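Here is the structure we will look at, set down as structure tokens.
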Amino acid sequence: MNTLRTLSAAIAVAASMSNLAYAADPAYFTQTDKLRMTRDAQGVLLVEMNTNGGPFTFTAKAHDAFVDAFYHISRDRDNKIVILTGKGGQWMGGIDFASFGDVSDPDVWSKVHDEGTQIVENVANIRVPMICAVEGKAWVHTEYCAVANVVVAGAGATFHDAPHFAGGIVPGDGIFTTWSYRMGPTRAEALLLDPQPFTAAQAKQYGLVSEVVGDGQAVARARELAARYLTKPEVTRRNTRTYFIAPLKLALVQQTGYGLSLEGASAAALVKSMKAAKQ
Amino acid sequence: MNTLRTLSAAIAVAASMSNLAYAADPAYFTQTDKLRMTRDAQGVLLVEMNTNGGPFTFTAKAHDAFVDAFYHISRDRDNKIVILTGKGGQWMGGIDFASFGDVSDPDVWSKVHDEGTQIVENVANIRVPMICAVEGKAWVHTEYCAVANVVVAGAGATFHDAPHFAGGIVPGDGIFTTWSYRMGPTRAEALLLDPQPFTAAQAKQYGLVSEVVGDGQAVARARELAARYLTKPEVTRRNTRTYFIAPLKLALVQQTGYGLSLEGASAAALVKSMKAAKQ
Amino acid sequence: MNTLRTLSAAIAVAASMSNLAYAADPAYFTQTDKLRMTRDAQGVLLVEMNTNGGPFTFTAKAHDAFVDAFYHISRDRDNKIVILTGKGGQWMGGIDFASFGDVSDPDVWSKVHDEGTQIVENVANIRVPMICAVEGKAWVHTEYCAVANVVVAGAGATFHDAPHFAGGIVPGDGIFTTWSYRMGPTRAEALLLDPQPFTAAQAKQYGLVSEVVGDGQAVARARELAARYLTKPEVTRRNTRTYFIAPLKLALVQQTGYGLSLEGASAAALVKSMKAAKQ
Amino acid sequence: MNTLRTLSAAIAVAASMSNLAYAADPAYFTQTDKLRMTRDAQGVLLVEMNTNGGPFTFTAKAHDAFVDAFYHISRDRDNKIVILTGKGGQWMGGIDFASFGDVSDPDVWSKVHDEGTQIVENVANIRVPMICAVEGKAWVHTEYCAVANVVVAGAGATFHDAPHFAGGIVPGDGIFTTWSYRMGPTRAEALLLDPQPFTAAQAKQYGLVSEVVGDGQAVARARELAARYLTKPEVTRRNTRTYFIAPLKLALVQQTGYGLSLEGASAAALVKSMKAAKQ
Amino acid sequence: MNTLRTLSAAIAVAASMSNLAYAADPAYFTQTDKLRMTRDAQGVLLVEMNTNGGPFTFTAKAHDAFVDAFYHISRDRDNKIVILTGKGGQWMGGIDFASFGDVSDPDVWSKVHDEGTQIVENVANIRVPMICAVEGKAWVHTEYCAVANVVVAGAGATFHDAPHFAGGIVPGDGIFTTWSYRMGPTRAEALLLDPQPFTAAQAKQYGLVSEVVGDGQAVARARELAARYLTKPEVTRRNTRTYFIAPLKLALVQQTGYGLSLEGASAAALVKSMKAAKQ
Amino acid sequence: MNTLRTLSAAIAVAASMSNLAYAADPAYFTQTDKLRMTRDAQGVLLVEMNTNGGPFTFTAKAHDAFVDAFYHISRDRDNKIVILTGKGGQWMGGIDFASFGDVSDPDVWSKVHDEGTQIVENVANIRVPMICAVEGKAWVHTEYCAVANVVVAGAGATFHDAPHFAGGIVPGDGIFTTWSYRMGPTRAEALLLDPQPFTAAQAKQYGLVSEVVGDGQAVARARELAARYLTKPEVTRRNTRTYFIAPLKLALVQQTGYGLSLEGASAAALVKSMKAAKQ
């Protein structure tokens, strides 16, 4: 009986495995469907954030899944360059707040806090050159993008911090740390306290974006840069990434835990005020 | 009418002022009755924590009042040396948790967080040599003591972190930072995770206490040290304090906000679990 | 006799109290006439630096008074937003050096050092969104402005570091730290070593100013921003400020004491060279 | 054909799965046989380092496997307390240097560097109280132990840094950082430059060990402490660990990469000198 | 006999001494011919990097000599202002890689690492205002320039990082730290990963250059600034430099050793790959 | 004529050169007679602080000379191990305050400040294992000793901070930083505020001393340790030193400048009070 049940489970695993494009792809490529991962023969890993193959909406489940996904990406030495992008013409346009449940519950927020501090460290620990390729809206969690070495944006891309101060909570998850690092604190504070979308051209002028290309060309340009990097020795590529990202990683390690705790307290206060308003 | 009312208020102020021991004493000496302050002709300020003149029990009101009291002490250049001690044979033996109200309320904890980060900075900003004189129980908020330059303890004194892990919350208010600084992290972690009183002799061996004297002699010995310091120029005294406390102040600035946020989340979880247990 | 004297003093207090616009205003609102403080029903505190109601000239007395004033502002939870501005069409245009006395006297400078390190920390510890509204000359102590989250400047405003290198002393009081943080170190060093006024438009391009408005509109625009912030929960507002200012506060804690000491030594050298020149 | 091959592989997976003690155990429990993991009903995870069930010898394969193992442990919220120990009466007594291959090859060392920096961060990121239980020899990689909150050692345990300076390479992998943090730099430098075993009693006096128990009692005592911790709310436990380990984690993030690079250079020099000696 | 030999050596010394322009010049002025040093009556030291009096090519010998040269410059209190420039219309246009020998030899790289960390500290320790005057190509080691307080560039000057990523090694010697400090990390990362010359105007816009002047006017403009600084007291000048450079010095102390170690590993990997390619 | 004068100077140089023990010794060995340097065939450099070959008294001239001496020692790759000791049975027993001149003169103190910050960095930059061998009194500038990796003391040695607080000035030159690093801040603060000699045995218990040997055996024991270190590859030795000293060097870079500034202000206050007392 027991053997039969195990066998049946194994067959189910085998069935799911048959969906893999390449038998050789590591298991984490398909651990979450929020991230579509494909790797070319040179080891350039394309990571596409998506919801059912279209524009990506962030959820609590993605928050959890991204932690491990970025970890596995960082650990896999077969990845030589990482390109992070979206799908369906958008980088990340929205977030499903309700999916997080009652954020005033300390046990709920404890999970958010722990995952949130870990996720930015895991992205920073990707030890190969990382390029963020942006099309459309980059309105949520652009700190993942800002931890790349280079950000290429389509001309029509827009950047924004939609979910925090506008929604009544502290921008505490790494967005202030990374925006301040890339754009300077004056711009980061103004844009986070009075949030509104800004263009790719502005983002380049501010320091968040490295180059602006034609709409729809961001990934192609990222691949060009990747090809250039690949002419250098692997140790050079890995060590350069490690060295360049170190100061930002340090800032994230020092600031993100506290930021998420302050954000959690503000979320609890928001829920309290909403409940009071209902009465 | 208005004038009369104002006059009447002024007379009330005048009446309260007549309770002052010396007309020359600054107003903050009597701003809170939790701290009895007396200053001798040489400028040695004795600060006695007390509840109605006897052993001191910490309260939410004291938490608020101490912030300002230590600030005013730090600002008053007529203070040449500061001695912090208790009253009634105890340094600080207990805490009235209920006085803090519902610590799972984010607005309540916001006040605790803000005051708690400020209070340790204000003690650190006392820019004259500071001596902590301990008799009896130092079971609560010994971080105020650990921010002194010298800690003199009566032989029967005991040290403890009574309110945190034992009570189900994170020791996040400066106690870990200061104990770790003074006693090393191994001892701090063990004593805070498995809290139990330790003696003055142990505290000296560990590095929290500078010297142990006979019971009841701590303040007298502190005065001896103060007299010795007073033979040096004032700038020497002020600058030495400023220089010596700088590394600990920096650690408190870097760590205490986060610590109090983590403690607040744990307090909310504790309240939640207690409510659940009641049902 | 004694009672009469006390009563007489009380009446004097009462008389001064009658100048208060609102009986409910806290005492620190009128502790120094260098800062005119008014607070609207929403808790927006307007702080106007002034000399006798007109353009403000900085003095040693203001240096002392500002320490406490900013402390009290930071401690008063009835302040929901703080706007710092000048009066008479100027933010701060001049300084009365003579008021500081003999800055080569180590006791005199000790006071400057202690106040100077404390004042920037107290501004940084204002735990609600802070807006600096600039009209006219901001030529002295613009570090107070740079510790705000947002700086709104009238089109005709000019920025400058008038008193330091131009006057022969080190810019050590926080101006280098804040200018470098906001404008980058290259600009800060060039502007401080070869000091000359720069316009609001330049200041915006450099990163010191967040937005430029029509002359005379700075406070009005600050109130608009304040109104927008006030739609968010209080904990969100306080925690966002606390989080955003933390890196700059840390830099000030690490750098300002040394800066003021180096400035003090340069002041002593300046006095020495001036005495030598006279002979 | 292809389907058959996939099915066959699935059956192999199923077969290996039948070795799991509990069907509910997560997959990482058996990802490496170097770490035997068992978890009781209260969530206390016992991690036993071992070689074929006996005393553990460190290898290059373990270096790689431990990175992921500690990561998965840190990510699994079903772990409430983690106890790290050895097997066969030894914590970790030896290391198989040859398994690392040619450490003077920059590609070989690049892997060591990357894994080595990641492994100590992953242990530090275990966000529940962690106890290290030591019996016998703890002669290799005791930094994993020193990143626990509490170290319980059997009376006959001995501590040592066997593989570094004695073997001709720099102690750069975290051992200096953690020993210095726990025992003070003077002791760490002396013991690492002139390496020789020291007893559990000495280790306790120095600050590396929290308590000494009878031989063979370390795990039992760790379970007692774990049981005590488990009476506190989960958020309290997680946040206390997070808070306490933060300063050491920060030091590891700042120092370990450089340390491993310096160690790598010394390994290359050692290989060079050994080759020269052979000729 | 012995006396004769000594006398003969002394005569050789005397002969070389007769080449000195001024008998009063300190010995380090002529310790290396790579740096031509001349000092005017006001103490403005002009340091011209050169190869045989013409455009300078960097070599291993210069790497060693610069360490001491900058140290001696920093120690000589007769230097009141330091101007660093090139010769023959170029700042530093090229590097002779072969002069470094086999950079995959750990003993060779150990010297590079030790000198490289020391050289940037020695430049940072120059405790008088330092101006970098750039004409032509500044394509190598521009970090020496970026540690000045002010950078004046001729309109036709170009900036570049020619030797690192383009050559297959990590930009680890201070160039990332200083470029990131002056131009922000986004620009630094993009320009270092995809290296190509940029103009003086761009360099000014980015923050690396303080002012752009006509071609051939950089040193003259530097002398103008120097003359202005010289009107201030010497302690003011020294302390201002010390204060302004402190944050960058700290970053260099924290980052350069690791950077050079990572660069050394990449150099070893490059040599390995080149040897493999030859076979 | 000119040739004759040059020849005559050359002969004088030759004469002074004949005093060198070994023609091969580098010039810095004899640059100051305060430090007698001898190096054995294995490259162990013995540095003996002395006054005319006997017990050493510190002077302003030594303060200046030590800066360069330690720099040259750090730069000379022929030094494989450095042993720092005294002469005539004393490490450093006294200081000649008068030799510093008028320490209230800002120009005088500027030199002290600049040299004092540089000297501890130069000792920290000695990139080979460094051993401090103490006999007799180590009463002055023991921070040079505490920057060694290992301190060996004769049983009768005594440690003390004689010149600072006892003399009325701030212990700001590195002694607090190093004592706090080695002995913990509680002990450092107590011993510096109430200065009195402590024994070698106490110093070992506190963490300042690594081992205690028989009187007169300190250098011999240091040579034994040196011989043991010399069995390791040179890169291992250099890199281990570099790695171990990094945290203390960082603390010295961060703290010593400010400390010396605060000490300078206190010295000015002391002189002022002494002048006032005379009147």
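Letters A, B, C, D, E and F mark the chains in the order given here, with residues in each chain numbered from 1 onward.
Definition applied: a residue touches a chain if its C-beta (ideal position, glycine included) is under 8 Å from a C-beta of that chain, and two chains touch if they have at least 3 such contacts.
Keep in mind that this is a model prediction, so the values were computed, not measured.
Trainee: Applying the touch definition from the top, give me the chains sitting in contact with each of subunit A and subunit E.
Mentor: Both subunit A and subunit E are touched by C, D, going by the contact rule given at the top.
Trainee: Farthest chain from subunit F, going by mean C-alpha coordinates, please.
Mentor: Farthest from subunit F by mean C-alpha position: A.
Trainee: In terms of CA centroid distance, which chain is the most far removed from subunit E?
Mentor: Farthest by centroid: B.
Trainee: At the place where copies subunit B and subunit D touch, is the share of residue numbers found on both sides over half (same) or under half (different)?
Mentor: Mostly different residues: under half of the interface numbers shared.
Trainee: Just give me the whole-number Å value for how far the CA centre of subunit A lies from that of subunit D.
Mentor: Between these chains, centre-to-centre, one finds 30 Å.
Trainee: Using mean CA coordinates as chain centres, what's the subunit B-subunit F distance in Å?
Mentor: Inter-chain centre distance comes to 40 Å.
Trainee: Centroid of subunit A to centroid of subunit F, CA atoms only: how many Å?
Mentor: 52
Trainee: As a quick test, compute the distance in whole Å between the mean CA positions of subunit A and subunit B.
Mentor: Computed value for the inter-centroid distance: 44 Å.
Trainee: In subunit B, what residues contact two or more other chains?
Mentor: Those would be 106-107, 110, 184, 234-235, 239, 242, 246, 254, 257-258, 262, 265-266, 268-269, 272.
Trainee: Each pair of chains that touch: what are they?
Mentor: A-B, A-C, A-D, A-E, B-C, B-D, B-F, C-E, C-F, D-E, D-F, E-F
Trainee: How about subunit E: which of its residues touch subunit C in the complex?
Mentor: Per the touch definition, subunit E meets subunit C at residues 129, 149-151, 181-182, 184, 207-211, 225, 228-229, 232-236, 239-240, 242-244, 246-248.
Trainee: Show me the residue ranges of subunit C that touch subunit E in the complex, using the header's touch definition.
Mentor: On the subunit C side, the touching residues are 165, 168-172, 176, 180, 184-190, 192-194, 251, 255, 258-259, 262-263, 265-266, 268-270, 272-273.
Trainee: Which of the residues in subunit F come into contact with subunit E in the complex?
Mentor: 6-7, 9-11, 13-14, 17-18, 67-68, 71, 74-75, 77, 106-107, 110-111, 114, 118, 121, 125, 127, 234-235, 238-239, 242, 246, 249-250, 253-254, 257
Trainee: If you look only at subunit E, which of its residues touch subunit D in the complex?
Mentor: Contacts found on subunit E: 104-107, 109-110, 113, 254, 257-258, 261-262, 264-266, 268-269, 272.
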